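By written order: A, B, C, D and E. Residues from 1 in each chain.
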Amino acid sequence: MRLTRSQLRSELLARVEEIGGEAVAHCYQCGNCSAGCPLAGEMNVLPHRVVRLLQLGQVESALSANAIWLCAACQACAARCPRGVDLSRIMEALRVVQLRRSTIEPPGLTPDTLARAPQQAIVSLYRKYGS
Amino acid sequence: MSDIQARLREIARRLLTEGHVRVFIGFGPGFEANRPVPFFAADPDAADRLLLDEFCAAGLARYVLEEVREGPVGLVARGCDGLGLERLLADHRVAREQLYVVGVSCRGVVDPDRACAAAGEEVRAARVNGETVTLITPTAERSFPRSACLLDKCLRCQDPTPRIADVLLGEAIPPGERDLAHVDAVERMPSDERYRFWARQFERCLRCLACRQVCPACNCVSCSLDRPEWLERGTGLAEQFMFHFTRAYHVAGRCVACGECERACPAGIPLGLLNDKFMKDLRDLFGVAAPHRPGDVEPLGKFCPDDPEGWHEGGEGT
Amino acid sequence: MPRIGVVVCWCGHNIAGTVDVTQVTAAAAAMPGVVYAEDYKYVCSEPGQDLIRRAIADKRLDAVVVAACSPSMHEATFRQAAAAAGLNPYRVEIANVREQCSWVHRDREEATVKAVALVQAMVAKARREEPLEALRLPVTRRALVIGGGIAGMQAAMDIADAGYQVLLVEREPNLGGRMAQLSETFPTLDCASCILTPRTAEVARHPRIELLTYSEVREVAGYVGDFRVRIARKPAYVDWDRCIGCMLCQEKCPRKVPSPFERDMGFKKAIGVNFPQAVPNRPVIDREHCTYFEKGKCQVCVRVCPVEAVDFEQRETVREEAVGAIVVATGFDVLAPAEFGEYGYGRYPDVIDSLAFERLNSSSGPTGGVIRRPSDGRVPREVVFIQCVGSRDPDRGRGYCSKICCMYTAKHAMLYRHKVPDGQAYVFYMDVRAGGKGYEEFVQRTVEQAGALYLRGRVARVYPEGDRMLVRGVDTLSGQTVEVAADLVVLATAAVPRGDARELAQLLKVGTDAHGFYNEAHPKLRPVETMTRGIFLAGAVQAPRDISETVAQASGAASKVLALFSQEELVADPLVAVVDETRCAGCFLCRPVCPYQAISTRVAGNREVATVNPGLCQGCGACAVACRSGAMALKGFTDEQILAEVEALCLRTGSPG
Amino acid sequence: MEYRYFPGCTLHEQARNFDITARESARELDIALVELDNWQCCGAVFPLATDALINLVSPYRALASAHAAGFDLVTLCSGCLNVLRRTNRLVATDREAREKLRDFVEMDYAGERRVYHLLEVLRREVTFETLRSRVKRRLTGLHVAPYYGCLLLRPPEEMEFDDVEAPTVMEDFLRALGAEPVDYPFRTECCGAYVALREAKTQAAAQVVRSAAAAGAELVVSSCPACNYNLERVHPTLPVVYFTQLLALALGRDGAFAGQVPDPTPLLRGKSLLPEVS
Amino acid sequence: MSSDWQPRIVGFACRWCTYAGADLAGTSRLEYPATVRLVRVPCSGRVNPSFVLRAFQRGADGVLVAGCHPGDCHYTSGNLFTRRRFSLVKRFLEYLGLEPERLRVEWISAAEGQRFAQVIREMTDDLCRLGPNRKMREEP
C-alpha cells in the first residue's frame, strides 16, 4: 500500500479521533486488547489491527471491518491497555462515523428473541447499531 | 484589681529582698492618674509603689531585653506581655531562667483619651467588666460599651492570659483566634484607592523608629535598614515604602499582635493593618495560627511539600 | 574606587550582528570606575585572553568585566586568564550580551541599549567586589561503598588496588547481591557463581577493604572530603569471631523457613547462610522465625555449636566513620507480585518470575538445577515466558524499559532447552532488545538452535485449566489470538528500585527520578556522578542495567574517587555565606532554612552568634534572606552587589551609574 | 438508610423477579428503597462518543431528581449502574457537559449524589456480618458460581466497584448466605451482551458457563439481565439466577424462581432450601 | 500610552534552571521583547523580597522572580522557601496598591527556553496595557 501524508492526516481520521476522544498514535501495537477480547474469535480484523489500520490512515478498511460491529463495549481492552488507550471509544467512533454517513439496515432480531430478550439487551443493541 | 495589686507588691518585695531578681518591672504612677508609666523597682521599698489598674497601657516585654544584661529580672505580665517574652525567648535574646514572670489575666486597658471623650470629663478610675466598662469621673460613675473606652489593641486581643508565668494571679482565660476583618476592609478597596490610602499613611511617618523600639520581634542587635545601601536617611515616598514594607515583612510570622507598634506611633499610622495582612495570608495559605505562637521554628523558616502558590489569584480586591 | 576594565566581544558576527559593540564600548568607557574599555572579535580566543592579561598588567586593573556569551560558557576561561595575570579570579564578571541579548532581539537600537545596561550592572557589581580566595578543604583518603553486589565489589577493588582504604557496607550477611541468585549469565552462559565467588573471596581477603556485612547506613553528614557516616551492624545473634563456619547449627536447626533468596521456593533454616558458597561464611539467626525468640524454647544451635558462638543477647551496634567519598551501589529489586492480578502472579504457584526461574536453574537452588514446577515438582514440557510485565506500562506508572529482560529470557529459553530437550518454550514479546556485544547473535541462537517460539504480542490473561496454566495471548504478526496450555509461566517482571532507595537518597541528599532510581549529574557527560559532590553511582541503582555495564560503571565511579583522592586538598568555591558577628543577634532564624545544616553556634564575647561551616555551605543564599539584621552575607552575591545590579539595570541609559 | 431506587425498564418487564426479590429483601433488611418518581430508561449503555451528550439527558434527570429529593440512588441492573455512575462522574468533572445538561434539562445538579449498587449497600451499610446474622435459611451445600460480567467492574477508575481483576464482593455475599462460592477464571469475562442477540454462534457465554460447570458450580448468580439471558441459553442444565433471588430465599422469602429455564427449583428442593409449600 | 514606550522588566533568575532556560532561548534563537534584564542569583531562595521593591522604586515597571520547579532545586529546598515568601509578598504588594500583573513568580526549568520567552512576551503585553509604574517611588 502507498502511504501519503494526506492519507495519514485525512479529515475522516481526524473526525474518528475527535468523536472517540482517543489518539491512535498512543498505541504501540502490543496486542493486549486482541488477546483479551471475548469476541476476537469472530472478528475478521483483530482490534489491535483496526487501530493499526487507523495509524496507517486506512480509515475505509477500518470502517469496513466486522470487528466494529462485534465489539460488545465490555472495556476489557481499555482496562488492560498499557498505553491507556480506550479502544472501546475508538470502536464506537468508527460505528458512529459509519452510521452517520450511510444507511445501515437495522439488526434483524427474530420475533422469539424480541419477545424473550431483556429490554436492556435490546436497547443496547439499537443504541449501538442505530444511534 | 486592688487585691491583685497588693499580692503583686508582696511578691515583688519578696523577690527583691531575697535578691532573686535584680529589678522588678511593673507600672508606677505617671504624671496623670490615668496614665501610669513603666516602673523599675530596684529595691524592696520601691515595690510598694507598683500599681496595676485599668490604665496600664505600655507593653513591658521589650524592657527585659536591656535589663537582663545586669542580672535576673522580674516583671508583671499580661497576655500580650507573655507573648512578647515568648518572642524574645524563641529568638534566643533572653534565657528563661533570667526571668521571673508574675502572670495576670487582663480584660483590656482603657485608653484615657477615648475614655475622657466618652465621659465628657476627666476619668479618674475605671472598671472593665465583661462587655461594658464603668468610668469613674469626679461627678459620676457611668458604664459605656468596651469599644468606646479600650485601646485598639485590647479590642482585638486574643491572648488575655500569659502562657508562661512562674505564678499566675487570678484565673486563666483561654486564648481565642484573632479577628482579621479589618484587613478585609482594606483588601476590598480598588488598588489605586488602596495605594493612595497607604501613600497618605506613609507620608506622615517621621521615621522616629518608635515602632521598632517597642516591638518584641524587632529585637536585632543592628537593623539592616540602618545601612545606607538599603535605606537612605530621607523621608521621600520611596524610603517610606521601603521602611514599612521591610519592617512588616521582617516581622511576618513572628509578630505576636501585641499592638504596641500602633500604640507607640506618634503619627498614628495603622501598623497593625500591615502586620495583620501577613498574619491573614499566613493563616489562609499555610494554616498558621493568627498570631503564630512563638515555637521552635517560625512559619517562614519551614515549608510543606504541597504548599500552595499564593501568587495566582491576582486581580482586584484579593 | 577600584580600577575596572571592560572588554566587549564581537563573537564574530553573533554579538556584533545585532549589538553595536563600538557604542557599548564607548558607553562602558564613560562609566564610573572604568579606566579601560576595548572591543575585540573573539575575546575567548588566545589573543583575546592575551588582550585581557595585558590590560590587567598595563592598566593595573582591580576588576574586569567581559561582555560576551553566557557565564556558563567562558566564565572559567576568563577567570583563569585573569588569575594568570595576577588578578583575583573572582573579580571577573560576565555580561551575557549574546544568549540573553544579541541572539534573542532583532532591533539593533534596543539590543544595544540592553547590552549597555547589562554591562553597567556588571560594572556596578564589580565596583563592590572584594577578592575571594578558593577554599582549601582536607580530604579523608578513605572511601565508603554502599552495596556488596558486583558493582560495589568492583568499585571497592579498584579503589583498594589503587592503595586507598575502602569501607564496604552490605545489608545482607554475605557479598554477591543480585548476581549471587543467578545461574548462568548472558551472552557467554558462564556460570554466575564461577565469576562471582572468586571475586567475593578476593574482596574479603583484600588488606585495604574493611567488610561490614549485615550492616546498614543510618546517617550521612558532612561534605566531600569529610563525610561523617553512622553505620549500624544488625544483630546476627552469632559471634562471628568465635564462629569457625562449620554450619553444624544450620544442619541441626529444626526450624525450616521459606527463603527469600530462593524466592520462597526453597527453604532455609532459622540459623544459617543464604547459599553454600557465601562469603563471609558466617550464619545469622532470622529473629522472626526462630523458635527461641518466639517461645523461648529450643536452643538446638547453642547445644551443637562447638565454639559457643551463639549469643541471643547480641544487640545492634552503631559506629561512626569518616570517609572522603561515597559510591552508591545498592542495585535493584524485582516487581512485587501483587500488581498483576490478570496473570495470577503470587496466586498460582506455577506462575513465577524470572528470578525464581534463575533459582530453579541454579545447581545450589531449591531443585538442584533441575527445572521443576513449584506446584507438583513435575518437569514442565511447555513453558511460556511473558516479557514486559510491568515495564513499558505507563498506565501502571512505569513507562521505562527494564533493558535486561529480553536477554535473560533468551538465556532462560536456551537453558530450558539444554535441560529439557523435548520441552517447548514460548516467548511473548513486543520487541527484542539485544543491543550489547554479541547479544543479538545470542538471541538468534536461542530461536534457531533452542527452537524457542517468539510470539509478538502481549498476554491478556493467565488462568488455570485442569493442572496446567492457560495463557491467552495474541500473535500480532499473523493477526490471530493465541492460547497455550503451559505447565509453567515465567514473567519477566520490571526492574524496580530497592524498597528503601528513597530513604537512602534523602540521607545522601541525592535526587531520584519519579520511580526512585538515582539521578546522575548529567546523563551523557557525568553518568557516574551525582549533583552532590563526592557521591558517585555504580550499577542498577541509577537505572536497570546488565552486569558488563555495571562493572564498567563501577570502575568509572572508582576512577572518579581516585581523581578526588589524588589531590592534595580539595578546592572549593569560595562563594559561601559568612556571618558579620558584630551585627549577628544570635536569633538563628537562618539555621532552619539551611539545607546543608552548615550553620552552628559560636561564642563571641558574651554572646552566642551564628557561624557558617564553609565546607558544608553550597552557597544557595537562603540564609542571607532569612537574616533580618543583614549580618549574613553570601560572598559573590552580597546584598550591596545585587542592589547595585538592580539599580544599574533600571537606569535610563546615558545617566551615570 | 433511605435511598431513591432506580429499577430500570428491564426490572419492570423481563426481570420482574429481580425487582420483586430485591424489594422484599430490602424490606427484610430495613433498607428503605423508595422508587424514584417519573424515571425513564437510562439508555442501557454509556455513550462513548464525545459528542453524544443528548443520550445523558435521561440519567442526568434521574440523578437530579434524586438530588432534589435529597437521597442517594440505589440500582440493581449492572447496565443502569454503569450508565448512572459514569454520567455522575462526567457531570462532576466536566464543567462544559454539566452546564449543557443543566440548561437543557433545567434542573440543577453537579454530581453531589452517589449511585450505589445493592451489593455495595450490603457491604458498606448493612455489612456482611449483620447479613449473616439476619439469614433465616442458610444455603448450606449450595455451590454457586458468582458472575460479575463487565459493566459492574469496568472501567475501574470510574466504577470503583471492586478489584477489576480479582473482585470478592459476590463471594463474601454468598458466604454470608451460607452458600459456597465456586472459583472459576471466567467470572469477569464478557458474556457477549447485545452482540450475542445477533451472532448466535459467539462462544463468549458458552466459555463462561463451561468454566463454571467445570469448577463444580450447580448454579450461576449474576446482577445483569442481559448476562442471565445469554448464560441461560447456552447450557441445558445450569440455572442462572439473580443474587437477590438467593438473598430473598435466605431471608425466608420466596425466590420468585417460577418460569425460569433451566429451572433452579429441583436443585433447591433437592437441598431442602425451598420454603415448604403448605 | 505612546506606542513606542517599552516597559522595563527586572528578572531575578536562578542560575541552575531559569538562567539556563533563558540561555536555551538564546541558543534556540527564539525572539522575545528586549524589555527584560536578568540578575543571576545562585537560587530563587537568594531573592530578598526587598530587592523586588527596590527594583520597582528605581524604575522597573515589572519584576519577574523565577527559579526551578519544586522538587528540582539544586539546593533541594531553596525554591520551597521562595514559594512561601513570595506567596505572602505578592499579596502584600497588591495590598499596598501594586497592580497584580507587575510582579510575576514562575518556575522555569533549564529545558524551558520556550516558556521563558513566552513569560517575557506575556509580561511585556500586560505592562504595555498598564503603562509605566508610578507607585511606591518618587513621583517623576
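Criterion: contacts are C-beta pairs under 8 Å (C-beta built on N, C-alpha and C of every residue); 3 or more make two chains touch, one makes a residue touch a chain.
Computed from a predicted model, the values in this text were never measured in an experiment.
S.K.: Using C-alpha centroids, which chain lies at the maximum separation from subunit B?
M.R.: A
S.K.: What chain is most central when centres are computed from CA atoms?
M.R.: So the chain sitting closest to the middle is C.
S.K.: Based only on mean CA positions, could you tell me how far subunit A sits from subunit B in angstrom?
M.R.: That pair's centroid distance is 73 Å.
S.K.: How many angstrom between the C-alpha centroids of subunit D and subunit B?
M.R.: From the centre of subunit B to the centre of subunit D is 67 Å.
S.K.: Whole-Å distance, subunit A centre to subunit D centre, using C-alpha means?
M.R.: 27
S.K.: Round to the nearest whole Å and give the separation of the Cα centres of subunit B and subunit C.
M.R.: About 53 Å, centre to centre.
S.K.: Which positions in subunit B touch two or more other chains at once?
M.R.: As it turns out, subunit B has residues touching two or more other chains at 230, 300.
S.K.: So which stretches of subunit A touch two or more other chains?
M.R.: In subunit A, residues 41, 76 touch at least two other chains, as defined above.
S.K.: Counting only residues that touch at least two other chains, what does the list for subunit E look like?
M.R.: 49, 54, 77, 81, 85
S.K.: Throw together a list of every chain pair that touches.
M.R.: Contacting pairs: A-C, A-D, B-C, B-E, C-D, C-E.
S.K.: Which residues, counting only subunit B, touch subunit C once they are in their complex?
M.R.: Residues of subunit B touching subunit C: 91-93, 219-224, 227, 229-230, 250, 297-298, 300-302.
S.K.: Taking the complex as given, what residues does subunit B use to touch subunit E?
M.R.: 186-187, 191-192, 194-199, 230, 236-238, 241-242, 245-246, 248-249, 252, 274, 277-278, 281-282, 285-286, 299-300, 303, 305, 307-311, 314-315, 318
S.K.: For the complex, give me every residue of subunit D touching subunit C.
M.R.: Those in contact with subunit C are residues 163-166, 185-186.
S.K.: Give every residue of subunit C touching subunit E within the complex, in rising order.
M.R.: Within the complex, subunit C touches subunit E at residues 70-72, 96, 98-101, 103-107, 110-111, 113-114, 117-118, 121, 509, 511, 531, 575, 593, 595-596, 618-622, 624-626, 634, 637, 639, 642-643, 645-647, 649-652.
S.K.: In their complex, what parts of subunit A are in touch with subunit D?
M.R.: Residue positions touching the partner: 18-21, 38-39, 41-42, 69-76, 78-79, 86, 88-89, 91-93, 96, 107-109, 113, 116-125, 127-128, 131.
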